[in-house]
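Across the two complexes that follow, chain A remains constant while its partner is chain B and subsequently chain C.
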Partner chain A sequence: MSEIITDKLTGKTSAGDVTITSEGGSATMQLQQGVAKAWINLNGTGTPAANDSFNVASITDTGVGYYEVTFTSNMSNTSTAVSGMRSANTDNGYFTRCDVQSGRTTSMVELSSALYTTSLSDGTDVMGIIHGDLA
Partner chain B sequence: MAGKIIADTIETGAGADISTSYVVNGSAKAWVNFTQISTQTVRDSFNISSITDVSSGRTFPISYTSNMSDGNYVGSLYQNAVTGTGYINFDNQYVGGFGSKTTSSFGERSYGSSGDIDSNAVELIIQGDLA
Partner chain C sequence: MQTPSFKGTHLWDRLCWAKENLDPHQSDYRVVYEDSIDECAKILVPDPNWMACALQGGILPPVWVYHELAKDEAQEGFKKHTRGYLLHETEPVGAMTEEEAIEYLIMKDCPQSVWQDWDSGNRPKMVICRKEQLPQTREWRNAWRISSEIAA
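Showing the complex of A and B:
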């Protein structure tokens, strides 16, 4: 096994383009574009708190079933791709959802959660994943 | 020869760089595309060792090859609740169930307007921390 220990990787041909080869070997992609820039699993009951997260600085309770999630490192624009779920782990229901609200800036995204009804409610296992470009 | 790179930063452009923590923390730790029609079958996956057909629309456990560090990971689920696979084929006013998360597995439940139903398209992405 070989091992390279370094603090920084820079593209040789283009400094800003570190490419990786596909599993099939016939394509390449930009490494930075394929990784999620933030994710969070939060408990929205009471004072919202992260069960676990990455690149999340804080959570603000903006109403029943609403959570404003602020990033540690901001995104470069608001055209992010966000997906969400609410687990049935500890909630008494299977058919759950977590929508992305319109409140979205380079520094935060607002998530909402509900069970199978249309009424929003706080969940203990609300999840969001954010892809896009960092600032 | 197997290779290994240990780095703190990957440069994304002039004056901009990205911490390798984004590569580690931002990479999906597992994903799977499977059908529940007839014999439940994985079409393609990463870090998934097996799936088990519980009953109509229900798959549990969906087991990892390499376990997660705890149950606080994140998932994104799509299930279409019909037998087709086209972009017009869905009956998913319900997102579906994703839960029973442990370090080694989780469960998925497909549900449509008629109740529990086998979906031809079940797609899951897992983000979080590996053990």
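Showing the complex of A and C:
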């Protein structure tokens, strides 16, 4: 097996386009498109705060179960893909959800957290991952 | 630790360096503001990794860059940013104190309608406080407002 040890990968034809070969070798995929551009794990109980994150400038507690997450390095457009989940806390056995609200800009997404069958509520581990293009 | 010379370095790369080399700083400051009479008070919390960048200096772009991008985004027919280079090519700002970082963050992430005339009404629309000054439980969270006694 060969090993590449380097600090930087840059596309030759286009600097921002590094391709990798897909499973089976039938297609190539742009590496950058598969990288999450921001992520956060926050504690929404008590006084909410981030446990850890990347490319996040602040969170804003806007009410029970609502958290605005702003970016340090903005996204290029508002068509980002956001995935999220939260812990179930003591309500073992319930499904949980983490929705994306309509208030989305290139600098912010709003997450909401709730137990599956009930209204919005705060969680100890609310997680969000954002994919898309950077500005 | 000395910040490398990041002028012209993509902001993303600067954040990667910071994540690798700086310890997160969990600030005790919170910014409470109201931007709608129909909604409860909102609480802005600085991200610990972002605060580490602000205190370190040489990583974050000047706040006016974000305002320029927001102006572009507010244009009718906006599809995508074409001036993203402002984030990456503008000279990064130097090290800030924690208080200066909070001011920067207010101008970056709070609505301008709040911070530009935060004390023009009968009571303030925005208050900077410490974490322990906030209610310690989430009881009645959706009814929280800035106390009118603060204006006194």
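By our rule, the second predicted complex is superposed on the first by the 118 of 135 C-alpha atoms of A that agree within 3 Å, B and C clash if a C-alpha of one lies under 4 Å from a C-alpha of the other, contacts with A are read in each partner's own complex, and residues count from 1 in each chain.
In this section, a residue touches a chain if its C-beta (ideal position, glycine included) is under 8 Å from a C-beta of that chain, and two chains touch if they have at least 3 such contacts.
Since we're looking at a predicted model, the values are computed, not measured.
Participant: If you stack the two complexes on chain A, which partner ends up touching A:Leu134: first (chain B), second (chain C), both, or neither?
Facilitator: both
Participant: Going by the contact rule set out at the top, does A:Ser83 touch chain B (first), chain C (second), both, or neither?
Facilitator: First partner only, chain B.
Participant: Once the structures are superposed on A, label A:Thr70 by its partner contacts, choosing first (chain B), second (chain C), both or neither.
Facilitator: second
Participant: Looking at the overlay, does A:Ser58 come into contact with chain B only (first), chain C only (second), both, or neither?
Facilitator: Touch status of A:Ser58: second partner only.
Participant: With the two complexes superposed on chain A, say which partner A:Ser22 touches: chain B (first), chain C (second), both, or neither.
Facilitator: After superposing on A, A:Ser22 lies clear of both chain B and chain C.
Participant: Check whether A:Gly46 is in contact with chain B, with chain C, with both or with neither, and answer first, second, both or neither.
Facilitator: In the superposition, A:Gly46 touches chain C alone.
Participant: Quick check on my understanding: which residues of chain A belong to both its chain B contact set and its chain C contact set?
Facilitator: Shared contact residues on chain A (touching chain B in one complex, chain C in the other): 37, 40, 52, 54-55, 134.
Participant: Can you check the complex and tell me which residues of chain B touch chain A?
Facilitator: On the chain B side, the touching residues are 1-14, 16-18, 20-23, 25-28, 70-77, 94-101, 109, 111, 125, 127-129.
Participant: Where on chain A does chain B make contact in their complex?
Facilitator: Interface residues on chain A, with respect to chain B: 1-11, 15-16, 18, 31-32, 34-37, 39-41, 51-52, 54-55, 83-85, 87-89, 94-97, 116, 125, 127-129, 134.
Participant: So in the complex, the part of chain A that touches chain C is made up of which residues?
Facilitator: For chain A paired with chain C, touching residues are 37, 40, 45-50, 52-64, 68, 70, 72-74, 76-77, 105-108, 122, 133-135.
Participant: Which positions of chain C touch chain A when the two form their complex?
Facilitator: 11-12, 15, 19, 24, 26, 30, 39-40, 42-50, 53, 60, 66, 69-70, 73, 79-81, 84, 87, 105, 108-109, 131, 134, 136-138, 141-142
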